[in-house]
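Each of the next two complexes has chain A plus one other chain: chain B in the first, chain C in the second.
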Partner chain A sequence: MRQLPSLLLLLVLSACVFASSDYHEQLVLKPLHPSLLLASFNFQSKTSWASFEQQNFRYFPRSLGQILQHANTRELHLRFSLGRWDAESWGARPWGGTREGGTGVELWAWVEADTDEEAEGRWLTLTNALSGLFCASLNFIDSTRTTRPVMSFQPAEQYSNSSSENLHLLHGTLPREVVCTENLTPFLKLLPCKGKAGISSLLDGHKLFDASWQSMSIDVTPVCVPGTSECQLQITHTIDMVLDIQRSKRPRDNPIPRPVANEDLKCDTSKPYHSHDTCYPLDTSAQEEDWSLSQIFGHSMKGSCPLANDGTDQVCINVPHARNVFASSGAAEHKDESGYSRCYEVPADQDFELALPQQEISEKVPIEQPLLYAERSFIGYGQERGGVQAILTNPSLIDAVDFVYMESLPWFMKLYLHTLKAKISNGNGKSSKDDVIQEMYYQPALDRKRGTQLEVRILIPANSTVILTYDFEKAILRYTEYPPDANRGFDIAPAVITIGNDISIRTTTLLLPLPTPDFSMPYNVIILTSTVMALGFGSVLNLLVRRFVGVDEAEKWDLRAIRFKVAAMVAALVRKFRRRRDHTE
Partner chain B sequence: MPDGTVATTDAIEHVRISDQAAPANAVQARKEPPPEKPDQIRIRNLVLLSFWAIIVFLGLPIWWKTTAIYRARLPLNDMMDWAEGRACRPVFPLRISIEADSLQDYEARHLLRMTQHALDDLNDFSAHHLRLQLSPSTNASFGASGISTGNTDEEVALTIRLLKGDTFQANLQKYSPILDIYYTPIQVPSISISSSSLGTFIASTLRQLFAEEQAMIAYLFSTSSAPPERSPKALAPNVAESLAKWRIRSTKYSRTHHLTFSLFAPSATPSSWDIEAALEEHMKPLLESFSAISNFTIDTQVQLYATPGVSGNILKREDLSGFINAAEWPLSPSIGGAPTINFIVYVGDMEVEGGGKSWLIPQWGGVVIQSDVKDLRPAMLIFSNQLMSLLGAPESGSLPLRLMTLVRVRSAGLLLKASGTMGSLARLTLALPSISIPRSVADGVYTTLSHLRKACDGLGGKEGLENARIAEEAAEKAFFEKSMVGQVYFPDEHKVAVYMPLLGPMGVPLVMGVLKEFKAWRKRRRVAAGAR
Partner chain C sequence: MSIDRRKAALFGAAAAVRLLLFTSPGLPDLLTGRVEISTPVTSFKRLQEGLFLYNHNVSPYNGGVYHQAPLLLTLFSLIPSPATYPVFTNLLYISVDLSSAIALMQIAESGESGSSRLYTSPRREKRWSSVAVAAAFLFNPFTIATCVGRPTSVFTTCAILHAIAKAVNGATFHSMLAISLASYLSMYPLLLLPPLALLCYDRQKSTKRIESLVKFTAGSTTVVTGSLFVLLQMSYLITGSWEFVASTYGVQLLLPDLTPNVGLWWYFFVEMFDSFRNFFLGVFWLHLSSYVGGLTIRIRTQPLFVLTMVFGVFAIFKPYPSISDASIFLAMLPLYRHVFPLMKYTFVESSIVLYATFLGPAFYYLWIYAGSGNANFFYAITLVWSLGWSLLLADVLFAVLRDEWEVERPEMKGKEIIQI
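Entry: the complex of A and B
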């Protein structure tokens, strides 16, 4: 009898989980300084495990679901990114960096398989199928670009022991892939409201790929009620972008920036040299730009998606309460208590517009400081004296940071592990040789089969900087292994830094110039061989076959005779021409 | 001056007339070199001969061998035999067993003979004939698929039960292959009467039942590229036309099919439908009856904000194929390689010109337009019919008979297709001597031929269908082998560009040397002949 109330509670809990709507979407707008806007689109759909297994799809996209079933994938994370997140000006990354990937395409998944080879085969199926679905060259993620990280990624669900043995984590990156509108279109097709209503109607390829930084991500994770085996499969689509307000306000049909007219220049009149032909730009950091949704995104939002009916407001904007924000009629505004955010409930059938006028305001939304600043670059020079340097800074004055730094290098970048050095320097200028590297996992490369995988767990004390350096050597590639535009170089995947379970930072990609061969060599070989054969063979044959006679006995090419012949021919032609002319006249 | 010009003109004329004389006239006569010793001439000839000998006996064979293309041996004669219908005479002997419990043994046998005579007289298509047999009375049992297993090993296409009744009629059962023939007792023939009306009645009923199947098989034979030797029966033009439509409509045979049921709505509602229950109740039983022939996997999806490719309330016939908005509607084929059949329910109230609200798209699927998706039963019924048409089943007859007809017709089709492909492959290898034929093509051809032989020997049953399917698959794989075609498009200019710079400078002195020696030899002979 005592079990009954707890059972009832469990039932109520599970009912709550499943009674919540299967779909919800939200847009969060956050102005960054200066004159930038971070827009975060988030869409979430759920489907019960039973209907997923029976292949009855409602909000979950069928094409993706079938791929996951065919490749026996439990959990999938796919990222498309472009641009660089400026952590010093913009603060911490949105979602803690968990919804973004390195430049290009990044994919990691937990695949169910009994053996490693089977897992590789299923991974290959997965990448090929996803490449067709998203119009991206994911099929180039082969064994040379795939690693199995040990410390860096954790599954969203802690699976029960029985199933975790045959789950393999595989991670692949394609830093050279250029993300563009052809990747956005299949992304929109996976959403239930398809870019026709709700916040997805604001997504436009032209504006999205004009951003300073943008990232599209898809996460498919199982969500289970704790304690039971009732599970749902949740798919989260996220698009984040940092838009330049000035650039977005330029009209679509006239995108070339033109010089501002003299009268519109904002000049600092307090300067002594200010006159009609000299202008020092006014510091507008205290002033907020004016912008509106239709100026930034090209058109206003077309109502709301009726499927999202769980009561959350669809559009939120993070500005101080003192900022004036005008919303279209019909939208209900809810300000929240923290003082820095307000949300709007969008009516279903009316267009929604948000406009912020220009305003002088001193209060700013506090920027969240990131836990770690990371930078990576090349040092050294030449074929054998290359090196990589990663500068990791802990800005906090009190807390130490414990993180995992993962590098996945291609096989032609030959890392020398014994040269891995970690130098730590305090904010006060002191440098110590404390052991910063706690744990290391290293898998060396196999030529043309597998790349290098390096995972290092580092503990940085408060207010310190760690500089990780290691040397590498470049290998010489075969003639056919160079990509088109070989002289550009090869892209090296970004380093992935994982802090705890929910924060992740990525550095930029690096461009490694490799010496290129002379691609015209086959032609040169043919020409050279032919010349040698002609000269050598011809000379030898002539020596053997020709008869040697005295100079005066030889048959000569008679120059005077040739001259006579040529003169005769020319005279004959001239006579013929004259005769014809006489005839016609 | 005039003299000079005249003189030069004369000289020029002289030059024009005979240019042989010019060198001799224009310059001093040159000193003739001493005549060559015959030894030297011999050595020179030997040198040239040895160069040419090396080229012809060593160089040419090595070049020939190293640039030869690997062409595996194919049994071209066998392939052409199959292609022209000489290797196989496809016959579909259908066994029909008669249960005549109420008759005496000798009466039953007599009836059998009468009916068989009548059948043979009426039949004009020798590839498809019906063989009657007497089934042992009470031991016949019916398996779950409706095919009588009885005591015989082979499958029985139909069982005829002779039952006493008031009138003379035939009644085909709906869910099992049994034909009930009612007769009045006086109709049983006695041995003295040579023909009986019961026999002819049975024969004509049977012929009617199997007429469509015969027509289908005859059509396949007559339109295949590998017609069997005997001339197939001629078909009436309207029958031939409807069979041509049947062939365009039906999908390719495959062991597995994917069925996708999609709901498309132009706005956000309705966003869910009770498809699972509807499929369970109306579709799954049909699909289970197909389990001997193909497996089916089903998936369903809901797509909102879907605008069709054509707008308007009345859809003309030409608009029907454009209704599916292929650019925006995610109807990509299911992963896994098997063919996909799409069934679409569109929520709207447009209708087709002429009044219908559903149509079939050949080899692709079907569309039903409904404005309310609470009741899916009518849509499911339409889809079942469309599925049967798309799979190529005949339209008349009971379900078990249609399924068995489908098996036989598909076997015939696959057999003919595989034979045709063999012929095409043989003609291809003969017509293009420059393409390579890898080992895998030869293996595929041998597999195909062996399975074709097995299929031909066992036509009419499930084994025949399986063998024919394997044969067709292997034939297609062998014909479309990727590496075969690679050499066809190799540009000849590349060959010239590589050979000329190498062989040109070598060849020219050799050829010129031979020519000069030949001219010198001829001159010597003329001089020698003149001296004699």
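Entry: the complex of A and C
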């Protein structure tokens, strides 16, 4: 009887624990055209503030949690990305672009600190600790690669005024960082099921880094119930990848592409020149490729993660209902009413397999059109100066788009802001130089201390294109500031375009070649320059210090004079020797 | 009357040539972009950037692009923007060039180069007229290119030449004001103070002479210090903080910007390892300043020549030299026409300078644009350029010293001499 209240208490406590920290994961598969597959892995878990502060970690990874506590970070967003999202063929970005970053590593966080210097110190702690946790060179995000965006990033929670004063937003990018398997492994270790069960068991470095575009992201955000001070900390891990189906189907032990055998070629037989030795490739966009999970990811999914017990279906696939999809037995299928999605509940103990056979199907899932197309490139030539051109297109025929364009440039690209021009031309071909720039925030670069930060708010009317251009000058760096492959160039972080609160678009990175000195010559340069300076100084000094005499008045130092002198010296020595001999005798 | 007509014709022709070049499409911007003309501390494009930031309430000194004096911002805010009405900027630069030529003519007319207070050259009759000296300055291709490229070093040149002109006319106070303005704009004219003070002392008007040299120099130094203080205070009021000091004078001292130019410093400090930077910066500045003392003491009798020599030293060994420094040296050189026969290597020197002038832009193009040459090509040309000017410097120094020596040994005229 006495045990009953404690038992009840235990039950209540466990229910509270279960209610306050939950975990769910989902994989969304979406075929893109042609023969590409967007796989979106999403893992989300929550923990209450109380358990976070008491270091009671259940679904929230302890290593990351302790780093956040140590660096006083309220909100964290970390991104590892590779590849390029082809917006014209693939449509709008997954999650609206909010779960991806620029090529390389991108990190932004809201850090609690009283002063700017303290915030910089905490940011340094954060980057160094994350660098160790993720095996990435995040410690290279120093003051030259950090900016404090003003208009671009909004915190997930609108904090009350009192607490937002000591919150500092710091944003750092490392476009040169190559993301690879050593970054995936710690990422998987942060998950509750650690890549052993559930959808995370599909993640394999060989397939992930073979993708046309991939992005791994971690978002730690506080989620507060409005009106109360009850807050939870939510961590979302997302891995998105666009896999090329044909390339992924290549077996792992035979990755070298070999020419397809003659019989296996898919030829367009309607062409007049079709014969046994001439083949025009058949347009297979009307035909859907056949693929299965184990072909794409290398193995089938190892059941479901037992910790994800909140009843959401773990695997969803966005294909028309008419498409044939075969799932392994034991998985319950739920079709969505919209006609384009179906989800599977994966059994806990069985392997899950999904297979789609080849099928001729004309119905396609409609591609969501992105709000804005953005591309950025260098203009100009030579290694002295250049220009940057950003082409921003609004495809919509009715809506204008209001966005913030943010550039974070290194200090050795010396920006000339007075050359910034925005030209607008609408779809009918008319062009004008109206003021499209509504607001601008600019912080110039300081050599070797700080990069350039430029944020521009632009309103682009419907069906128009804005072309932003500006000039810059390239600096020549010191011998030790060049990377080992100096002639490759320097990576320039992508421009971040923020539309409202929930859409974010990034351009590609740029490669900036800088003029290089001759790296084999430091000693030679020093001695040659010193020689020239010594010649100049020496000749002037000689003229100032010495006095003039006529040529015949000076002591002669030619050969006859020297012979005379030497003969005189020898004669004097011989005489002395003879005198001494006479003396002793 | 005829001299005035010649003067007017000269100035008119010079202004016409410059106006013609200013209106030719693309040439001013091409010359503004050339590294031989524009340096990070004098570039016109950076001045435009500084103006833009200043007009938009962003401090131009909080960035790494603009490294020029704040009063230039005020000056250029008074005239319409160069982008919309370039004619006002062009007229400003042409008038600065003509003003420098007027100052040069005053220096030539005074005859100080031939006979100073303590020394009179036996050869002084062989001299060029002041109009010829001004023509040599105004039609020098270096001067014209400097004017069309619009670097702000032309203001320093004008201030220095006016300081010397006022000194030869005996107006010590105005001379000191002008040299402090020049020092405020670029830092190095401060090194011209000792020979300039001596020149002022020598050419004092007989009405109110100060006999004691020590008292005179103390007075002049006070004037320079006072006017510099006033100029710096005005700059503080314009920009609102003292950060312009680190951004203008600190840049010349510490060389953070390593943009190629015709000097020796940039490549040396590109290839220098970090731990030795400060030592070699100190050595280079010490080297530059060491010429002034020795020259002033040895050639006390001809302070105008000391000034000419120091201009030559600046053209070679300054942190950010350009052809405008070479043009001020070439401006003062025709004043010593009387010692030209004593120079030994004029052909070699002029060939070297011409060689470097033509090959420099070619090798720069090969390095930066064509990519088929590397930085060593352009670096070698800067070495040749420096060697050519040092040879000229040593040669003209030898000529003046021999001229001085022949006053005490007139029988050695025409004979060979050596130094011991």
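What we mean here is this: the second predicted complex is superposed on the first by the 499 of 585 C-alpha atoms of A that agree within 3 Å, B and C clash if a C-alpha of one lies under 4 Å from a C-alpha of the other, contacts with A are read in each partner's own complex, and residues count from 1 in each chain.
The rule is simple: a residue touches a chain if its C-beta (ideal position, glycine included) is under 8 Å from a C-beta of that chain, and two chains touch if they have at least 3 such contacts.
The model shown is predicted, which means the values in this text are computed figures rather than measured ones.
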item: Contacts of A:P251 with chain B and chain C, given as first, second, both or neither; value: neither
item: Touching partner for A:Y442 - first (chain B), second (chain C), both, neither; value: second
item: Contacts of A:A572 with chain B and chain C, given as first, second, both or neither; value: first
item: Contacts of A:I526 with chain B and chain C, given as first, second, both or neither; value: both
item: Partner chain in contact with A:T516 - chain B first, chain C second, else both or neither; value: second
item: Contacts of A:L541 with chain B and chain C, given as first, second, both or neither; value: both
item: Which of chain B and chain C A:C305 touches, first, second, both or neither; value: first
item: First, second, both or neither for A:I67, with chain B first and chain C second; value: first
item: Which superposed partner A:V549 touches (first chain B, second chain C, both, neither); value: both
item: Residues of chain A that lie at the interface with chain B and also at the interface with chain C; value: 526, 529, 533, 535, 537, 541-542, 544, 547, 549-550, 554-555
item: Residues of chain B that touch chain A when the two form their complex; value: 11-12, 15-16, 19, 22-23, 26-27, 30-33, 36, 40, 44, 47-48, 51, 260, 268-269, 271-272, 275-276, 297-305, 328, 330, 332, 334-336, 497-498, 501-502, 504-506, 509-510, 513
item: Parts of chain C lying in touch with chain A, wherever the complex brings them together; value: 33, 35, 45, 48-49, 51-53, 58, 62-65, 83, 256-260, 264, 266-274, 287, 290-291, 294-295, 298, 309, 313, 316-317, 367-369, 371, 374-376, 379, 383, 386-387, 390-391, 393-394, 397-398, 401-402, 405, 409, 412, 415-420
item: Complex interface listing, chain A residues touching chain B; value: 51, 54-59, 61-63, 66-67, 70, 129, 133, 189, 192-194, 196-197, 305-307, 526-527, 529-531, 533-535, 537-538, 541-542, 544-545, 547, 549-550, 552-556, 558, 560-561, 564-565, 567-568, 571-572
item: Chain C partner contacts - residues on chain A that touch it in the complex; value: 381-385, 411, 414-418, 442-448, 475-480, 515-518, 521-522, 525-526, 528-529, 532-533, 535-537, 539-544, 546-551, 554-555
